[in-house]
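What follows is a pair of complexes built around subunit A, which joins subunit B in one and subunit C in the other.
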Partner chain A sequence: MHSEKYLLGKTIPRFDAVTKVTGRERYAADYYGDDFLWAGVKRAGIPHARLKGIDIAIAKNIPGVVAVLTHEDVKGTNRYGIIRKDEPVLADSKIHHCGDAVALVLAEDKEALRCAIESITFDYELLPGVFDPEEALKETAIKVHEDSPEGNIIRYVPVETGTPESAFNECDTVIEAVFEVSRQEHAYLETEAGWAYFDKTGQLVIVVATQTPFRDRFEIAPALGLDMEKIRLIVPYLGGAFGGKDGITLQCLLGLAALHSGGRPVKMWWGREESFLASVKRLPARMYYRLGAKNDGTLHALECRLYFDGGAYASLGGEVMTLAAEHAGSAYRIPHVSIKGWCVYTNNPIGGPFRGFGVPQVTAAMEQMVDILALKIRMDPLEIRRKNIVRQGDTNCVGVTLTHSTGAEECLRVLSEHPLWRGKDTWKKSAAPFKTRGVGIACMAHAMGYPPIVPDVANAKIELTEEGKIRVYAGVVDMGQGNASTYLQMAGEILSQDITGMELVLPDTERTLPSGSSSASRTTYTYGNALIKAANTLKMRIFEKILPLIQGSDVNEFILAPDRVIHPPTGKEVSLKEASRFFSESERVCTDTFIMPVVEGMNDVIYMGPHLIYSYGAHLVYVEIDRLTGEAEVKDYLAVTDAGRVINPQVFEQQIQGAIAQGLGYALYEDYMVDEGVHLTPDLATYIIPTSMDIPEMTSIPVETFEESGPFGMKGAGEIAMSGPLPAVANAIYDACGIRIPRSPFTAEKILKALCKLSAIIFAFFISKG
Partner chain B sequence: MRSFTHINAGTVHETCALLSKYNGKAVLNAGGTDLLSTLKGEHLFDYPEAVINTKTISGLDYIREDGGVLEIGALAKLSEIVKSPLLKKNYMALVEAARSVATPQIRNAATMGGNLCQDVRCWYYRYPRHIGGPIRCLRKGSGPCLAVKGDNRYHAIMGGRRCFAVCPSDTAVALVALDAQITIAGPKGERKIAMIDFYSPLGNALKKDEMVTGITVPRITGPMKQRYLKFALRKPVDFAIVGVASVIAIEEGVCTDVRIALGAVAPGVVRARRAEETLRGCYINEDIVSQAAEEALAGARPLSMNAYKVEITKTLVKRAILI
Partner chain C sequence: MPAVPTSWSGSDLTSPVRRFAGSLICLERIDELKSIHEADGQIFIGSCVSHTKLMENLLIQKNFPLLIQAVKVLGSPPIRNMGTIGGNICTASPAGDTLPPLHTLGAIVEIRSIDSNRLVPLKGFIKGPGKTALQKSEIVYGVWINTNQDYNVCHYEKVGQRKALAIAIASFAALLKLSESGIIEKALFAWGSVAPVIVTSQEAEKMLIGKPLTAESLKSVVPLVEKAVSPIDDVRASAEYRRMVAGNLLFRLLQYGNHGST
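Moving on to the complex of A and B:
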């Protein structure tokens, strides 16, 4: 029965599959109850103003309205923020962006809520705004937060290795370019939702879609003046988050509402437009790159300046930009590097975490630089990458020696042998009239876990229930990526149980243990490692308990099977339910902790210190351009990924496919446009994301290095593939028709303009030649 | 959304009477796929007092040919138009246009009349109330047109006057190429106008108490090649950046009759009459078609950010005739 690989490496249906497709799974928005109140927010709608007064008189008198609250009703600091406490629960002195919450209304029904919100007015002095990160850095720029010690700078991060200054002189070729990437909206299916009430013990209970239940308590408590120990967060499955629910969205508002609801439960659920307006976005960036190489293609020096638009509040914008700086050189060895990054306040939507966490932005720039360089020195784009790609034992751009699994080169090898790479020239030649075809590639690296100064810890908890079931307490949120199911698969592997027979407790600050956020490609790695230890302890404990019962002599003689323990020497079997009777209450539960290894002693290299373990990828894309309309169509896609061993091939592939789709949206259409505070793309009719019909055939190949430190050899797979599509598409567009578009996304409009310009230049050239 | 009175209309006559009674304060709800988003977004300053459901009017969902004249009722569903064997046989441009609209689910609800009468998509105009709107602009009766100085990448490249929002309807483009007429009913009876005259820069030809009851397409004589080509940012489920419909008769390589209509480039649908003139009676080849495409766009006056639409339209015109 028991083999080395009971569930490992197998595609088994996800634990949540059936309940989700049958609609039985309850998301945060599905919580209703007797006698609850709706809570809703009056949003500012203007980007920058001094708030002088809020008129809630009419709202208060609308029948069905229970309370109308302003900043004056917030008893705590009225500020939250993971790094900087700069974000108000309800705006007080100033409005910093259109999405600011000005007043909170509690009402019996949605109609009263709507009328009340509509009737609230506020008195303000409109202030000029600042909407461009480089403008915001100027001495004379408008200050978004007057009390910010460094003006509009949220975070400045310099990184230097080697001697970049002189290194450029040693290069045979130096190229320079500027790239801009758009603001991207997560557009998760489930908009922000939550349900809150005070229980009989006086504890505030919040059921909410968040990626960070434990950390949220540290934010809610001081902002509202509550005791952290008296806040409980319960987090069902999320209907998508991608980083957009990494921290406070509506938790503080819900808490505040519950404080004024007269003991009734409160419900809040943002509509799509409100979600778009108020939620964080992927930070748009302008990136100045300079890259130097030797004649043989060896990368020698890199200099870049990164300007990230952090929007109105710090959120994790500074940290996003820092991870970008750390990855600015993509997956290559470059001995001399100078990176300077600025994350800047503006009156734009808030910049925050989004799958990739800054890495897609810089990878977009660096991978295009590599192609530009390859062209200049007449080298094959694949060859130049192979020459410079990091291998185990190499030192990466920020000076970290890569001692862990490093499969980047293997990714490139697999890509180079794939029929899509080998057949590319034939494919390109067979384009229809007025179409041109191009093939682009890109490499990528993505660090796993938190940086060294923030210990990346997970605490796993597993239980043998009285019924003889194995119950896993997942302290990390499952936002749809399937990590909770993978936990069961891991525990099931160790304990030889089928996951359908196991039980799962989703994050609940009272029942599960703190295990950090569902983010940073860490979720399965860190928690999984802790869980393996806890499951092994439980296994031994089960054997120890039944040893006397079977009158065996050695615990190692036992094996586990679904719902039972077997003692092969005697052929005896004991059901887990029976075994469970020999456990005391406390013995049933095993817990363990895992802390992710980090780079030691290099914390001064970069803000928060550099990362140690990376996942890698190499992508290839086929793009066809319509020369007459400028339309770029993605025809085929290959993603080769080193994310260590694959626990569940289907769950792994879903991550890669999802990231490719999101990455293609980022490359081709997604641009959350805001014109001096006016959100031009405030809904899904104007903010265009790809549908299943826009996604090409996708091939995903894992190279499966074995990461020694990982649970069953795995590394993070959630973000890595997000960084590839944009630069691969950009390189393919160049390959097809010789144009580079400085600002993504690559819409027909921009491609056509560039093509017209190009043909005008060629025309002029021929004219001048006579 | 706010509260309103909901009335199920039984007949066209009753509908017009209700429209009269409410004097501009009532709106018609056919499939509701456009109306509901305007009611929810609350982007207009006036909110209707009454919503009149027209789905309860029986007999207005016909798709039939009568003496060679095609008639489609205002309540015919776009999904029925897509499926209709009659239309597939003789009116392919309309079928292709209807098929390019939204999604199968939306087409199951969306109606012919609603598609023609839907409101414009200008992003300043549609700015939702609860995120800082509604935004004032010329079309709403006060202030300047914000698109002129603002982001006008999807606005009109010709025919705009004061307002530059384009007509978003796909089927209207095909209907103009098919030389259709639109039937309008009012308290005093029916009138018919040419489809092409239906739109104006600030709205359409309907008076406060009128509704569309259907369209008619004159007899098609001889074999006609028909196309509707649509260019959008995203292929499925997206409004046209440009739409071009063509109806062309070619005998022995020579164009004997042709009509070309341009959509999403102007407040209404545009007939490319000069281009048609050029093609008529000529042997169809690349050169003449390129010339026609140039002429189709001769009157284009793009705004600051939408000159690319001119090039795309030319390409679509060429393809609509050549392919």
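Moving on to the complex of A and C:
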């Protein structure tokens, strides 16, 4: 039906570029109006306690304070949560972590708000807490939620394929290691913000930075005792989210505030410290790995136990750990596998979605295991990967046959031929005094979409406006990744329009259609497929309407061009504006639905069932270690990615580069530290993320397999590159100086201490040899 | 004269101290506090000279490259545009990037009030973290540094958690005079972030005089450095690491080993 390449595969400026760089784009925090109130929260600041009473008397009498609310003012269940409703809007019987909201204040200005929040006190009985996931699993452990049927277990997931028990006996080499990864904070530029009011029809309108507008209504309504149909969410562009706005942040609090504002709009905007204190984090994990192989390097058996610290509330922690379990064997064929994963409650910050969704944790472990194994059997790290990498038609480590595009091997081939791989030995030899250099690689896979039991659906809507413009109603949030712009590019491709001449409606539960979350590397894939169908329908409808006007004989004789329809046989042209006059109101709109294909009949393999379609990557990093300070400097980076066909090379590259930068932060700097539940890195001065000075030149090469099921052949590209940097850097550090640090990030201090220990061992060895 | 806190630029107020409520007197528009000039073999740097201006100044570039090296790694471009040398001194943080170079260069702080004017060596001016010899109603007018610095090697290095916007975990400033044959004739060292105030070690400096600039020579003074420092554990690094690095950074001087002979 469509053959020309109009906008496809081209770097065209993003639709949002100009309004964003000129500061005209309005984010959720940019809403102000007449007579609005500020809403703010009193946070617990203690990790575990029984709440006995809240004293709001002083706060209420502060001039400018309009209302001070506690759990007693919440008319609904006062509980929200995506899978488990375990999180209170305002704490009632207990405090479960330092970031818990205890009271909500509405005030005329920020100063009154601040004074009121500071004046609120509460009575409590401090309870002993639990802060380590393995401790939390012990029978004697303190229970974070006394009413939880499985104690501190949020989710336990076992996966078994083949005969792992006996398979280890068939191995020539078996290696074991334990890895720990840190808690990572998203640190999006835009902290949580929103604006809420009741409109004239009695509908609660919330303008908010969220990745999940449609799903949020299912959480807000019961928690506050409202009718879901009477909640409308409007979502502008987000200033970053990375998973941290997948679900409720301040939506319930805003709704509660609007219920007590006397009809005035309310605004809430968390500062950086509050964002750090209250928001979800990437789950820290301790991972026990055992990997067995044959002498020729064939991977034969894998056993792992994964302990994920879910923090105080379930959020999507159990699901994060489940995706981790599914990816525990990275991108390799391993016939015999036993994976057991636990996600547990602790009194630590809440664990939740973060770009990669559990996969960066296990890839960190597995890709180091592969290098450890390669060293032990004296095989090249690249060769052992090529030997075991999954190809189309292979079965992955959870037993799923990979019937869709599988470009992992191609990624490795491209990497192996790249100058950075070929020139690595020369580069390593030319280190300056006190510097030592190493090169590391890692492979990765990332499943796309929701698991089978949660249908991954998008509903696209496209309109020919009265003005003759093409308007796309995006039901999926654009959190900065540029998917909304890509939708225009896709629709523009089909309808031969320039995206600058098109119109975009951002997610609004009243105007756009439910299309799922902006997450899971599914945003462009699922919505894009639905949109292509809707755009093709609109195209044919335009031709059908014009046909009598032109007195043409066949709709297939028409072609579209910017702003007009052309009929080449007669040379006649009709502007889209004129064409639109022949449409009724309802005819101008075309909608369509797409559901992502899933693995059929294997739902018992893993909780929620396994995924079918994957993106892949192979990364290479050059690292230089300073032997005097231990600092690891990343000097060069190569990411080869199979995310199917690339729709917009620049938007694609931005995703890869962003993920590398975030991944290097995870590898080298980022460690959201908590001591007995108390936050030690509560701000951007103490929580270290990389600056532009810390990020090297990054080369991104897409291998561009063609995913048959994808819109124009594409697959998800948002998360895949997040998993590579940590293990690649770890492997490079080992290559440089022979040390492997069990707990990331690999700070200068850890490296220097490991180097000292190593030189002491070598020294002792030489002494003992005389 | 100020009965309320004075501020050189206010750059520190934009970070966690956002809650600061009260009066501040900003000095940044007083022209004479923004002056850099030479007089009687000394260079005067006004307290309100921004780090960026300091870096760009030809007199400073020519005379005190050590100070330039330090300011280059201070904060980030916006912080260097806003922050001043007076602010860096009066904040009296052991991590202040200009402090180790100013110590080795023997900077003198000029303090003024409405009816007095006094000079205090930087070493005596800073009393502890956040504590200075500044009395009520006094401001730091500027610093004076001798131009006849007798050295031919200068080195500044900061170990931070990242390459920009980093607070020093440890820092090291060194001035060496090397003979043509590579013998150390003079040595001045200062370490930041490894004690409540900037650390110097005359013992170590003296011990190196007359020795060649070799790993062995430097190694011999490491114990003295480790003894001189009294670091703390904090969220950025452990005391142990700071102590290790304070000693290790000496070895960076080896790169200048051929200076005199070429």
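Assume the second predicted complex is superposed on the first by the 767 of 770 C-alpha atoms of A that agree within 3 Å, B and C clash if a C-alpha of one lies under 4 Å from a C-alpha of the other, contacts with A are read in each partner's own complex, and residues count from 1 in each chain.
Assume a residue touches a chain if its C-beta (ideal position, glycine included) is under 8 Å from a C-beta of that chain, and two chains touch if they have at least 3 such contacts.
Please read these numbers as outputs of a predicted model, since none were measured by experiment.
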Side-by-side fit of subunit B and subunit C on subunit A, or clash: clash
Which of subunit B and subunit C A:Thr686 touches, first, second, both or neither: both
Contacts of A:Arg43 with subunit B and subunit C, given as first, second, both or neither: first
Which of subunit B and subunit C A:Ala748 touches, first, second, both or neither: both
Touching partner for A:Cys737 - first (subunit B), second (subunit C), both, neither: neither
Contacts of A:Pro433 with subunit B and subunit C, given as first, second, both or neither: second
Subunit B versus subunit C as contact partner of A:Ile154, first or second or both or neither: neither
Which of subunit B and subunit C A:Ala667 touches, first, second, both or neither: neither
Residue contacts with subunit A in the superposition, subunit B compared against subunit C: B
Set of subunit A residues, in rising order, touched by both subunit B and subunit C: 273, 628-631, 669, 673, 680-681, 683, 685-686, 688, 690-691, 693-694, 747-749, 752-753, 756
Of all residues in subunit B, those that touch subunit A in their complex: 1-3, 37, 41, 121, 123-124, 127-133, 135, 150-151, 153, 231, 233-239, 241, 308, 311-312, 315-316, 318
Contacting residues of subunit C [partner subunit A, same complex]: 15-16, 76, 159, 161-165, 167, 169, 235-238, 240-241, 244-245, 248-249, 251-252, 254-255
Contacting residues of subunit A [partner subunit B, same complex]: 43-46, 98-99, 111, 114-115, 117-118, 271, 273-274, 276-277, 626, 628-631, 669, 673, 675, 677-683, 685-686, 688, 690-691, 693-694, 747-749, 752-753, 756
Partner subunit C, residues of subunit A touching it in the complex: 273, 433-434, 628-631, 669, 673, 680-681, 683, 685-686, 688, 690-694, 747-749, 752-753, 756
